[in-house]
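The data blocks that follow each hold one structure.
Each of the next two complexes has chain A plus one other chain: chain B in the first, chain C in the second.
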Partner chain A sequence: MLAQAVPIVPLVTPSAKDLLGLLPELILGGGFVVLMLLDLVVPARRRAWLAAFAFLFIAASFGACMWGWFDSGSGRALYFGSIAYDKYAMFINAVLLISAALVVIISPQYLNRRGLHYGEYYALILAATTGMMLLAGAMSLMVIFLAIELLSVSLYILSGFSRHEERSQEAALKYLLLGGFASGFLLFGMALVYGETGHTQLQQIEAALRVSTNVDPLLLAGVILIFIGLAFKASLVPFHTWTPDVYQGAPTSVTTFMSVATKVAAFAVMVRVFTYTFPAVYAHWQAIVFLVAIASMLVGNIAALTQTSVKRMLAYSGIAQAGYILIGVAVSPSEPLGTIGVLYYLAAYAVTNIGAFAVITVMAGRGEDLDSYAGLRGLAYRRPYVAAAMGLFLLSLGGFPPTAGFFGKFFVFAAAIKSGQTSLALWGIATSAVSVFYYLRVALLMYQRPAADQPEYQWSRSTFGGSAVLLATTAGTLVLGILVTLVYSAAAAAQGALLPVAAG
Partner chain B sequence: MSVDVASTLVLLILLFPLGGAALNALLGPRLGRQFVNVVGTASILASFVVATLLLANVVGAPSGHSSITVRLWQWLNLGSGNLSVGMDFTLDPLSAIMAMVITGVGFLIHVYSVGYMEHDEGIARFFAYMNFFIFSMLGLVLAGDLVILIIGWALVAFSSYVLIGFWHDRPSAVLAARKAFITQVVGDVAMVIAAFLIFLNAHTLSLPNVFARTAAFPSGGILVTGICVLLAIGAFAKSAQFPLHTWLPDAMEGPTPVSALIHAATMVTAGVYLIARFHPLFNLAPVAEGMVACVGIGTALMAGVIALSQIDIKRVIAYSTMSQIGLMIYAVGIGAYSAGLFHFAMHSVFKALLFMAAGNVIHALRDEQDIRLMGGLSARMRWTQWSFLSGSLALAGIPIFAGWFSKENLLGFGTVSGPGAAPWLLYVVGVGINVLTGLYAFRLWAVVFQGEPQTARVWAAKEARRVMLIPVVMLGVLSLIVAWPLQWPIPNAVRVFTDFLAPVFAAGPPTPAAEPGVGLATVALVIGTLASLFGVGLAQRIWVRGDPEPAALLVRLPRGLPLLSYNKFYFDELYDRALVNPTRAVARTLRRVVEPDIMDGWVSGIGSVLRGLSIDVRSVETGFIRDYASLFAVFAVLFVVITVVFVAR
Partner chain C sequence: MISTGAFPYLLGLSAFLFTIGAAGVLIRRNPIVVLMCIELMLNAGNIALIAYGRFLNSVEGQIFAFMVIVVAAAEVVVGLALVTAIFRLGRELDVDDLSEMSE
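On to the complex of A and B.
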């Protein structure tokens, strides 16, 4: 199929409806500007106010999302088909905003203690979240690229936020250079797809692929390259190499945000592009996605076994979890449970992982980050509630019922079995068994008496904000494991109103 | 009863003990003993009040509407025809009675625990576990969905495990806890397999729906028989029935209130409840029913014989529990469901009493449990002695005490119902068990409370404190009067209990056991009562009057019998020889022969292989951007080539 001449669309200004549909992103983007300005007037001692303002913007944006959830109905495209206004985007937005809010709440205490309390931190978090939300709703290859760049640039700065620490600087540089490298692949893939179909908008690409009869190798190359670009963001094997270094180097609060939100946004767009835009060539991209899912589960879990750094362990655990989530993409596009499973898994992963990272953020002392395994030894005897919460998060990551993590895995495995890809589920179950070893090793460590000759890590007292976040994530982990239908039905509704298919 | 009322009641009755457990676990260690005592007991009292309301609602419901299943929320749903699990709870006469007994007797035992555990450091942990047990047990009996039932079933086993091993610095307690848990797991596995079979055929796990679709299970077929046998295995594990019975005596390593609550009054009777709950299936499987009845009566006989010669006060009562539960299992096995449940209710009253009175004795003698070192306590512990006597009379089935009503009622059914060609055969064994029960019950009472003090400790023994005495005395009075208004062992007399439960068991295919006629029932009643009296009289003669002396009697018996009884029919040894030792031997051989040569390449090998792999995988992490980027590029090219060249064709 050759590129066709693109009809010139007359330039029309966006309507008020388009603007309203973008309200959550607009509020957050506006918040970014306002915070940058506020930073000039807020005195250095009062930077916690900035966190409060950031929280307000996030809350307002969340309110707009809730409204959008009901208003969008069965979904419609904004800006001439470039951005989706549907329940799917709103679901992802809600997860992203909740994650951002939790991170903003734990940040002031941590940043103060580490001497990193600069005002642009909150503005950058808002900017990154805006990019992620745009990515969740992106319906055009161009918007996808812009959104990815917006979130990436913000995250590059954030990972190097510890300006006096070499490791943080190194992390930022690695992330920046490799991120740029990955963007090149992504962009090249987009160019190939555009060249083949003559469209940048997903709706039209989907329609073009549906009617075409032969499959051009260049189109396939484009599809795979787009997948590689997104797989980098989701830290899937073999494009994961940056993950442990960057997670360990970045300040812990940034890692908390990055590990969850980036993954949520990357999978959001991956589902929209692959399951709902490229289903016509599913038979061709399936093999690679299948391989990557298994490789991620294996490598992530196996590499995590011998870690002695909590952040690196959680980084590898995140790689493995990404592999499980990818199962939901690898299953046949005609199986709705795959997408529902991805959504449920993302929500479950968000609360659980933020909880786990929040523990090491909130407990971090004045000097070094709380990162080595030795630093957790005996936590249960000094901070019994925090240790119990951490134990719950680890169980959830390992997939024990009745926690959130169990149902995330349950739904994606069920989807794999229902669409006849039992082997994916078996790989998932086998590697989950391996993962229990390193999760429970950390749990065990917390409940071990500290050795007499070894000094205990000097844990901080949790502040009100820190305790609130731990409480909220604990509750979330349990609610997603017990009141399953609450989020499940929302995820099912989101899947039911997913552009471009719903607008079809 | 409206759905709203029912769901509120269910939520409350479950949340009180759960909340109590959470408060005790989270705040108990900080806020101290007073707080724990109040929260621990008040939560169960609140639950008991709710249970009373629940019972009132069930009693007050118009006839034909006494059963209701409420769905608190949908837990998971994978579409129609697929797995769907709701948080379903069933309120009907059966679950109402179970809830009443669990919370009522449970509350008294909690109060008793305040005194019994007053010197123990881990009081917060203890009450957290106890409250959690009540929560699990209520979840089990109220469950309206098989998944919820199994969850309750497993949580109960867990609570039992942590409570048996409560004193975790005692190796024997830890071993006992482990033994109990492993035995429970055997039952759990059987239950889960049964659940799979039920789901495969009925396509639902909701209990009311399963029972409405009994058409899916051909009557007497291999399927329903298999399911019922599996369920029965679960019931046997929980109720300590042959051949899964050896854990119960060892479980006496736990604190005495735990023995009273879990290993006498509530958890061990869950098997009786399970079979009664699944009566629509059991009614379709006569073979399974017959097996259940035989195992029940056999266990009752065996445990009665063992109880005769044990020397640990708690173990005697434990074997008596096993024997009485055997009778209940026998009752549900012959279809006399309400008789079995009535015996359960009465038994929990007098058996909890016996355990707590024994606890008073143990406490007074500073943790002495050997009955040969007791004796002559009646003068020193008068209230405890009278209560213990009341419990023993009830246990032995002496007229107008609770046990008489329930046991004779149960045996009455045995005259007309039973497995196979000679239904009355098991009834005859039952009469024999009556004699045995009188014998061991009054042997215990006589050896502990009568005669001369055997050690100096007895001289120093004092009556227990009020907080431990009042629950005991209350149960002592109840052991006398509780059955009067409920059920008499003669047809057409008082039969409130049976009529109350009738709607539960009237539903479903083949109706349960026929009741004996008035004439037959009266004859059975007289025979049974005489047998009980004979047993008690014999015990009086041997152990109180010493005529003949117990030792002289022992010589006259065939030599094997006392040995068999004292050594508990050698089941522990048998299991050690048949299961534990071979396993150990195999394990030793493996360790000596196989492991160094082969296992290093396998079991520990997998570990080291994974470890090696882990380091290999990590070795990709050089930290150099150039390595990362080239890896990235290589795989990107590889993926594109794979897709374009291989998959595209």
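On to the complex of A and C.
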């Protein structure tokens, strides 16, 4: 018989300090509720106000993050070790909030043109961002699961936001079914890890793994299942099959958001779980992560070569980029530069990819989305600045200096070489060379004269918001490519204050 | 009261249900059945959590299971709403037919 009495947990309540530490997430969560209510009173013609309100909440949350960056010091755990309040979470939060803000700015114009301007859109963006931020700080398996579901369910609805369009509904259902499938793996893995270590909190799991000498196969199964669940969210091969369809079918502004923010959040939690919680079993998960990284780089880059849709091309390019980021995760237990590289890469990927998607979002005309390669033909003659910005984003995605993408790849590959995994870095460099073909193909297309017998795509006029976002992302891409120390030192500080390590 | 000896069976049951669910997602074509299979996978996780919680004499597993039940319900709500929306667009409900976009 098992012991009859379940130990009585003393009634403890979170302190004010816990609440203050969670301020960025609380502001956004509150923003979600306020926007849902505001949607009832704001007249339909004035929906752009909701975007302004959403932007205010994001800005307030960003301010709280900045305060948290300095206040958290070397980091501490909130809510009895369930949520981390450290520079690492604040760095990721800042990247997520900037992404969300840029998406909110380009959305009203795009949604109006597509006839999709419903108020729930902004509320759902805030809800998804809240989930992602919780994920960045999650230090308990329970919080990780809840945060992933919060962001996923919000994104399922956003993908299907174009209610009368089959493609959008199809994308949403595919995302939901495969996302739910992934959640099943994630949960079962968490159950096994909980069972084998006796804890759901990462710090305690890490401590339990450190002292145990034999490695239980069930524990390893749990670790692998958790990796599969997270790999789905980060769209890594072979769990990437949903990505191109969902990115293509979802409204472009939603794709802009989820292509960047989901990946940032998924990698943030992957580093915290795998590098800082499971280092004791590193030898067992290392090989699988290596294989997934190589497969993602190969499949993503090769499949992107044959695409004729910009969104699908960027989806496959995103899969390849996830493979590069995974190199950083794979080597980070033995090399701190790996984690710094992941952070730098995520920041670089965020500004660049949002820029690239923002171009096809703000240039989209009234009818069809700007999606086929043919639609970009001759863009440079009508919108020279937009085409130049797009060219810069494509160069950055391809990893050319002096852009953000170059240093993202540089740090990740350097970490791989420093930790003795030179072959991984070589795979990365070889596949980057392949990627240049499809990025430059699109860049060149914009500078080609449109064919005489083919009508030009009707690009929409630039608006203030769209231009501001393109300007900001261009500046970001260049700043991360030239003033490297600025973000590098922040990433290094974030890595230095990452929590489960501080506790050990 | 469950004896400790029942524990391997409980874990076996949960692994069995998880496998059925995962196989169902891959094999079945009706989105509603696929949703049910996902529920099966999540509930297999719940059984494992509760069994481990009982075995380890810790409440965390049970609390986790409660969270999962709520999350699973939320996911099904969105899933069924999407199925309804697609049905209204006049489509057959078969995941193989959901191929408006191709490679």
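Going forward, the second predicted complex is superposed on the first by the 494 of 504 C-alpha atoms of A that agree within 3 Å, B and C clash if a C-alpha of one lies under 4 Å from a C-alpha of the other, contacts with A are read in each partner's own complex, and residues count from 1 in each chain.
Simple rule for what comes next: a contact is a pair of C-beta atoms (placed from the backbone, for glycine too) under 8 Å apart; a residue touches a chain by one contact, two chains touch by 3 or more.
Remember, it's a predicted structure, so these values are computed and weren't measured experimentally.
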item: Which superposed partner A:His199 touches (first chain B, second chain C, both, neither); value: second
item: Contacts of A:Leu19 with chain B and chain C, given as first, second, both or neither; value: neither
item: Which of chain B and chain C A:Glu166 touches, first, second, both or neither; value: second
item: First (chain B), second (chain C), both or neither touched by A:Asp245; value: both
item: Chain B versus chain C as contact partner of A:Leu177, first or second or both or neither; value: both
item: Which of chain B and chain C A:Ala59 touches, first, second, both or neither; value: neither
item: First (chain B), second (chain C), both or neither touched by A:Ala430; value: neither
item: Footprint overlap on chain A, comparing chain B with chain C; value: 173-174, 177, 181, 185, 244-245
item: In the complex with chain A, residue positions of chain B that touch it; value: 26, 73-78, 610-611, 613-615, 617-618, 620-621, 623, 625, 627-629, 631-632, 635-636, 639-640, 642-644, 646-648
item: Chain A - residues contacting chain C, complex; value: 1-4, 6-7, 9, 141-142, 145-146, 149, 152-153, 156-157, 160, 163-164, 166-167, 169-174, 176-177, 180-181, 183-185, 187-188, 190-192, 194-195, 198-200, 244-245, 248-249, 312
item: Complex contacts: residues of chain C adjacent to chain A; value: 1-4, 11, 14, 18, 21-22, 25, 31, 34-35, 38, 41-42, 44-46, 48-49, 51-52, 54-61, 63-64, 67-68, 71, 74-75, 78-79, 82-83, 85-86, 89, 91, 95, 98, 100-101, 103
item: Interfacial residue positions of chain A with respect to chain B in the complex; value: 173-174, 177-178, 181-182, 185, 215, 217, 220-221, 223-225, 227-228, 232, 238-239, 241-242, 244-245, 283-285, 287-288, 299, 302-306, 337, 385, 407, 410, 414, 434, 482-485, 488
